[in-house]
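Paired with subunit B in one complex and with subunit C in the other, subunit A is shared by the two complexes that follow.
Presenting the complex of A and B:
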């Protein structure tokens, strides 16, 4: 049985931990004091780099590496803390803000010290009224105690933190969308490059970090790099050439919801498997796992064949999914995947910011196709065509059989892949919202194709038993590889 | 129609308390325009919804064009351009809540309030006849562990069932 390892959440349930005095009793701000007393700013940045900490917001990009891109000679430089937690299935930042806001402030202080930043904006989503209230109170207290403001603790360090409320737009969680929104505009993402590290908010270098990432910093400083890197697995990153060690260090706040007995946030070492996590969360509510969404609704779905996939950045990338924000949604055998996809596509159609044509028109189109299928009006051709599948050589090819043509499923894949192509990982939009739409659309359809076909065939939502509804990983893999030239097939 | 005209005619200005808060906001950013979202939140709290007069006032305060303010107001779902009820009920209907039967809660709310669900362009559709409640569907409220959830103005209500909804509505109505 896997044990929780509470680090960020260790003192979360201590009464009044949101006040300075209680936070102080639990080593509050001592890690920041240690940083300014014992280390130079560059040492702190190096420690973060060595710790292998990866951004917890979704992309999983190395935090130390991100910091190294910030030019040292352009001032002022800003820190934007991304507290616009709106990925469906994710809710760990909310608890940090509501219960332990001083931890975030300490993390921000360490980041500001390392990067020479004087102004931080915490972009907090508009619906987090309690979280904002608690954070504002904590900021006020920190000013009073001399941990924020001018000349902190007599070191000459100046740091100001301001909270900035959003107003209900999902896209503002994207880092450049957040920056636009912070500048008082529509939250439409910018083209990259220039990356925010070079030209961000108000045209200045900007570090954008998630709440959870910043909350890791006090513990890296306080307990040292060696302690931190012991947690979580290291793999040979086969995507790099030559393969390099890819650390997945530290703990992750896994948010688990859906069909489990005890949904909630569980802090565990990176790298445990899906089925272990379901056990930790009180076990499955229902008979059988049908599907698991591993990283917020944007992540490609995992089937019951893939429950041994380890939930860390590298393993999930290799499984053609992503850890994202760590929002895990479990579905049991009673759930209809077409219905679930419809729900998610309604979300994306609503949240598309409308800047890029493929996404603005493509997302409602995908939603309408899924709606049509779910309503029982899914289109199917009367003709048949040669069936492609796993041929004798194990690769995708003509099997010599014929198959029926499901027009709407072909259309769904085509439209989604033209917003962002999930096979080549190229997107026709400015930001990665495009891939966040087509990933679920295509993966649900490919991995649970029998359920989609049955729904079209019957003219009403049909929920198949788990084994019948799921396409085997071998077949799915071969399908993914169908356009890959033979010489690259095994890379 | 006459209501709308009156709103345009009635000028808007921050009351003393909000003016103080606004003055504090402005100093936080190197450009005034950046205070747009907090200012609009402040204005909406005072005026109930964003009228043309509010937009004009905010534009003057932030030294930007009215069109820019309108641009922002129309982008973000939390800003209302029409009157809403005293209590705005936001019900989450994204996947984790849907897996925990938010549909049942929504249907119950609709029946109980005898109203439809507001759409972004037609808030009146979801507002009760007495103007006390506005019912609207929103996307994920980041409380999936305690699904289904609703937000009534600034407060979150968790693990809802039709019975809990009844209790809540009775409390709000009194």
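Presenting the complex of A and C:
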């Protein structure tokens, strides 16, 4: 049985850990003091690079690498803490903010020290009123105790933290959308490049980090890089020649919800499999696993065939999904995938910022198609066509059979792929919201196509038994391959 | 200069040019909505997607980039020597690959999801980017079955209507109001597919601020679809019925380049024409909407002469003979000839020649619209001098030996008590100030050449019907020394004649030796005789104008 390894959440349940004095008893701010006393800023940045820490916000981009892109000669430089945790199925940052805000402040201080930053903005999701209250209180206390403000602890370091509430838009969790919103504009993502590391808040270089990423920093400094890299697997990135190490180090706050007996946030080493995780969360509620969403609602779904997938950044990318924010939603055999997709599409259609054409008008269109199917009005052609599938040679090809034409499923796939193509991983939109829409739409439809077909056929929502509802990975892979242009096939 | 492979062309472009512009220079269309060369580039319409090529080390070859890029934000620059593609190219980009064509068609499909099919009643039809691009790049049918969004039609300001259903949310108008006019009246309300352009409103929907600035009309021009519509032009004509003449605005001394759009029965609208140094893409609403006097029913169509204290219509021969009779019996010193800052250089040159060579007077004056207000915007200025040709008229009238050009008080002092005054006016109606009125009243015999009945013509003894800027060829010199052509669009009403022809006719009748046949001929005489204007033949001026040597402003 896998055990939780609590690091970020170790003292979460200590009474009054949100106060400075209690936090101090549990090594609070000692890691920051250690960083100042023992390391130069560049050493801290190097430690973060060596630790292999990947951003926990969703993209899984190496934090050390991101810091290295920030130009050293342009000041001021800002730190933007992304606490706009709005991905459905994700609720780990919220606990940190509500219960242990000083840990975040310590992480911010370390980052500021490493990058020579004097001003930090914490962009908190508007709905986190308690979190903001606790953080504000902690910030006030830290100012009083001399851990924030001018000349911190006599070291000449100046750090100010401002907390800023969002106004309830999902897209403001996207880093440039967040920056626009922070600047007082409409929350609409910017075109990249320039990336925020070069041109961010108020046109200055900006480090944008998730709460969880920043909370990892004290432990990397406090316990050392070696201790940190022991946790989680390190793969070899074979795309590089020679292969470079691709670390998935540290722990991750997995938010497990859905059909498990004990849903909640679990802090576990990266690299555990899906089934192990379900076990940690008290086991499955129900008979069998139908599907697992591995990284928030925008991540492509995993079927019961894929429960051995390791839940880390690299493995999930290879499985054509993503770890994202670590919001894991487990579904048992009673769940209807069409209904799930409809729910998710309603969310994305509502949250599209409307800036760029494909997303503005494609997202509601996708929702409408799914709605139509779920309502039992999905269209099916009376004609048939040759069935393409896994041919005798194991490759995609004409199987010699015929198949029925489900117009609305073809339409759904086509419209979703026109927003962002999930097979070539290219998008025509400004930000990755486009792919966050088409990923679930296409993956749900492809992996659970029998359920969609049955729903159209019957004219009402039909929940099939798991085995019948799911398309095998081999067939699904072959299906994907037929769309990939030759020059990208091996990327 | 960057050496770029654009499709199969090898081209050299200035560093910093974007793909859309580079392609346009070489006759390749990259469709776009949100991009406008006078505004910032949000790259939100995603229509200008192009396919950059990159070197892909594992394959050891140049391949299409994974992602398509927006042409408007893809800037072409000289690459460092070790980054050249194929050893020589700074950039390789295709605008015609299959992937690009599919992306364009897909974007168009999205744009048309909520767009109504009301082209038959839409003013923009015929000059609509959505229509044109759909025709060239789009699919031929829609796969959208659901109900379309129907946002309400809105009245944004004095001249602008918003048909929100047609809007493609390119935000050009918002950026115009933010960046060029600096007035910021426009913004987006709601979110996602419910995005709407709007002005600030209270919760009850009452407008708090209207799109009411002097540049507001430009948003109609830059709207790529029929969403923003000019009330002035609403339902007046289909654009393809309109003929066009490149001209220059006569509203003030800026000299905005314009296109006059007209039919046989008059002017229909005026649109700005791009000139890098003068007006860029813009013009003000005073100029845009100020053309109505040209179409006015009140226009002077026949010469008038005073009979029993009443202005009575007469014919040209009679009017001219009354004048020549009077002029021939008057001493030279008692005649004042007043040119017009509304007239062309050619008009004024002939007038000056008439005064100098025929009447032998050196006493000239300059008359024009009263000084107005100056309006400054972040990227545009409307000047206070409401005449298009003050600078040109002043130079031309004073070009002959010994000529003195009087203006303002000095002129009216000279006019009071003069025996004969030949005053050329023109332009929209101009009120007279008391001193001017008194001076003109005291004139023994006042000849006025004008286009509309006005306070000036009321005082005249003979009125000669002249022409507006839309009815004649010629040149204007703006306040910064640009000499630019205006072109004849419509015929003058009734028996009105081109101003210089009237003057020439008078000269001929008084024995002068003037025999110009068309305005270009006068321009050649100007080029020969007026210092600084040596290059200003109509051919050389062309559509872009010529900046006079020595004008440093």
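The rule is short, and it goes like this: the second predicted complex is superposed on the first by the 478 of 491 C-alpha atoms of A that agree within 3 Å, B and C clash if a C-alpha of one lies under 4 Å from a C-alpha of the other, contacts with A are read in each partner's own complex, and residues count from 1 in each chain.
Simple rule for what comes next: a contact is a pair of C-beta atoms (placed from the backbone, for glycine too) under 8 Å apart; a residue touches a chain by one contact, two chains touch by 3 or more.
Since this is a predicted model, take the numbers as computed values, not measurements.
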Which of subunit B and subunit C A:365 touches, first, second, both or neither: second
Subunit B versus subunit C as contact partner of A:104, first or second or both or neither: neither
Partner chain in contact with A:428 - subunit B first, subunit C second, else both or neither: second
Which superposed partner A:351 touches (first subunit B, second subunit C, both, neither): both
Contacts of A:464 with subunit B and subunit C, given as first, second, both or neither: neither
Touching partner for A:186 - first (subunit B), second (subunit C), both, neither: both
More subunit A residues in contact [subunit B versus subunit C]: B
Partner chain(s) touched by A:115 [first = subunit B, second = subunit C, both, neither]: neither
Touching partner for A:157 - first (subunit B), second (subunit C), both, neither: neither
Subunit B and subunit C footprints on subunit A, overlapping residues: 169, 186, 350-351, 353
Subunit A-facing residues of subunit C, complex: 42-47, 49, 56, 58-59, 63-64, 66-68, 70, 73, 103, 106-107, 109-111, 113-114, 143-146, 168-169, 188, 190-195
Contact footprint of subunit A on subunit B as seen in their complex: 28-31, 33-38, 40-41, 62, 64, 68, 71-72, 75-79, 90, 93-96, 98-100, 138-147, 151, 154-156
Subunit A to subunit C touching residues, read off their complex: 169, 186, 191, 241, 349-358, 360-365, 368, 372, 411, 414-415, 418, 424-430, 487-488, 491
Residues of subunit A defined as touching subunit B within the complex: 85-91, 93-94, 125-130, 160, 162, 164-170, 181-187, 202, 255-259, 263-265, 293, 297, 327, 329, 331, 335, 340, 343-344, 347, 350-351, 353
